[in-house]
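Take a look at the structures below.
In the two complexes below, chain A is the common chain; its partner is chain B in one and chain C in the other.
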Partner chain A sequence: MNLDINVTETDKGHVAFISGEVDVYTASKLKETLNPLAEKPNSDLVVDLSDVNYIDSTGLGIFIGVLKSTEKTNSTLKLKGLNERVKRLFEITGLNEVIDIEVDEREEA
Partner chain B sequence: MTHTSDVIEMKVPAKPEYVGVVRLTVSGVANRLGYSYDDIEDIKIAVAEACTNVVNHAYEENQTQDDMHLSFSVFEDRLELIVADHGGTIDINKLKKERGPVSRDLAIQELKEGGLGLFLIETLMDKVEIRGESGVMIIMTKFLQGDEVEPHAPGISEEVPKQQ
Partner chain C sequence: MEETKISMYQLYKDMLTSYLANKSEHALYHAQQFSKEMMEKDMSPEETVSLHLSVFQELAEDLPEEVVDSFDILLEVMIGYGLAYREHQSLRDRQQQLESELTVAARMQKSLLPHGEISLDSVDLGVISVPAGKMSGDYYDYALDEHGNIGVAVADVIGKGVPAAMSMSMIKYAMDTLPEQRTQPGALLENLNRVVERNIDSDMFITMMYGFYDPNNHYFHYASAGHEPGFVYDAVKDEFRNLEAKGLVLGVSPKVRYFPDQLHLDAGDFIVLLSDGVTECRVDGEFIEREQLVDMIRKYKHLTAQEIVDEIFQELEKAQEFQLRDDFTLLILRRKV
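Up next is the complex of A and B:
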């Protein structure tokens, strides 16, 4: 039951690659990593969830918080790599309407 | 007529690190019963949400009794999961009023970071009952053939399709 976060810098911000399970135990680590990145003005934060196999409302709440931070600092948040399960949760909760989620290239083809 | 065969009970500390333990346990029970992959994932999320509520809200910091009580009842056609605490009374109506999906009509700064947990439980499970007396008890039911059961039907059909 672990969560690994790997942050790399890009031209205009950061990409955070998340790996593992996001729940009430691991969420604080995610929050502490993502919030400072989101608070950087005029930057793009991309969160890659392709190696996340479990997320629940605690994790969804963190993305709401991060989205708020990016809006305040004129930055952007984008999620990518969501598997079917994770994507479904964003759809059920309506979060896909407010958070920018990159559509899988394989689906577009 | 369906009768209970097995009951699995657990008492674990109401700490974040044990929510994953409960999730793994319920996943094992549901898997043994033959639920589909998606149903097992739904059950895991619902139980984890109920546990997360206990961890986050049930106990004050200086309270000594800080356990959550889990009970998984295995029926022929369904799994009944109970998550309970003894954290004192809460305003269930307030809790229910605050739940719900994210509204796209709200400004981003007005979005709430909480309130999704109970909404997810009610969306992912077939039947949910919340009781609050000396603590909160959430009773969740997932039927083995979820799609064939009307969630608001007064009685559950006696005809349970035979398992393969």
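Up next is the complex of A and C:
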């Protein structure tokens, strides 16, 4: 399974749109793309996971690493578009308490 | 060495003579045996070619010059094969060396896990832990304290193999320094978290569930650091419930509080702790659902705790064609009386 990452620039940072599976095989690609964006001082990084079906624990680790980078550079990390399975993973690991996760608008409506 | 060469020469000559005389299959079979011997004696392919030429020159006098000269080309070509063969051999030696180092490390790692059986009137305990490779990133523990409390733990380091195994031993050593917190699951996890946070890569983490059963009042006290929820079996209602507690995984942030929870166990009730290697088992390409796992536990629940975990492992291992994708740990603690 491949992982595609599409990064666009915004006023105050970047949005990364990810599609595919984030697992032990694709995690390093994700890390290489997201970490430099997170290391930019005072910027906002939004990661859109609407097209991600599955994240394994190695993938979760990448998000933790990215979160730690943003904390060092006074930047922010926000995740959006999590499906049920992925959201559950962030809940079990307690990461939803430390990472900003945007609630899906479609669900609220 | 010189003697070997002479005997190989003679052997080759006999073989070739016999084949040229009657073209027998037998001589061809001998040639196969000869090539094995050649490899054992570290003879290179180009040496064999030159052996063939000298034997042949002796057998067939007056070989046309072109035939003899053509062997120069063949020899040159074979030298490349010879080099590749020697490289293959040195890699094989190296691999065997690494393999044996890993075996020693794996044995050492096994010695970090508890061995003795806990045989008590109050509880029935069973555990199985199988690494996907040689080394495991899963950790488990069970221990009995002087008041009769039984502490149980399952932890899972992300990833697998050697890096995960090294982090797993960190949990073991840290646990050993905290004996007085074995009856304080929240404080235990808070202390472990501090150790892990200081000593782990920024994109690694560990999940863990720790609990202890007090046979005096029949309560199980537990706390979780982002660990895969376990199960509780209620014998009276014949029902399984999730065993979960909120808490962040170990290694993300230095100051995290863990709030323990508790539940009462009646006789026959049991607790199931597991690593995500259990729920990440894929059967026919699909992850097994927690309900499927519950069905399996239900099927074997009349057995002893050890038999249940063994049966479930065997069933899931078979369903995955004996190829575990992740380290697998399953622990059951049942209140007997």
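Quick note on the criterion: the second predicted complex is superposed on the first by the 109 of 109 C-alpha atoms of A that agree within 3 Å, B and C clash if a C-alpha of one lies under 4 Å from a C-alpha of the other, contacts with A are read in each partner's own complex, and residues count from 1 in each chain.
Keep this in mind: contacts are C-beta pairs under 8 Å (C-beta built on N, C-alpha and C of every residue); 3 or more make two chains touch, one makes a residue touch a chain.
None of these values were measured; they are calculated from a predicted model.
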Comparison of chain B and chain C by chain A residues contacted: B
Touched partner set for A:G61, first chain B, second chain C, both or neither: both
Touching partner for A:D23 - first (chain B), second (chain C), both, neither: first
Intersection of chain A interface sets (partners chain B, chain C): 24, 56-58, 60-62, 64-65, 67-68, 92-95, 97-98
Chain A-facing residues of chain C, complex: 156, 158-159, 201-205, 207, 225-229, 244, 246-249, 251-253, 276, 280
Interface residues, chain A side, partner chain C - complex: 24, 31, 56-58, 60-62, 64-65, 67-69, 92-95, 97-98
Contact footprint of chain B on chain A as seen in their complex: 1, 21, 23-25, 54, 56-58, 60-62, 64-65, 67-68, 71-72, 85, 89, 92-95, 97-98
Residues of chain B touching chain A in the complex: 16-17, 19-21, 23, 38, 41, 44-45, 48-49, 51-52, 55-56, 101-104, 108-109, 111-114, 116-117, 119-120, 123-124
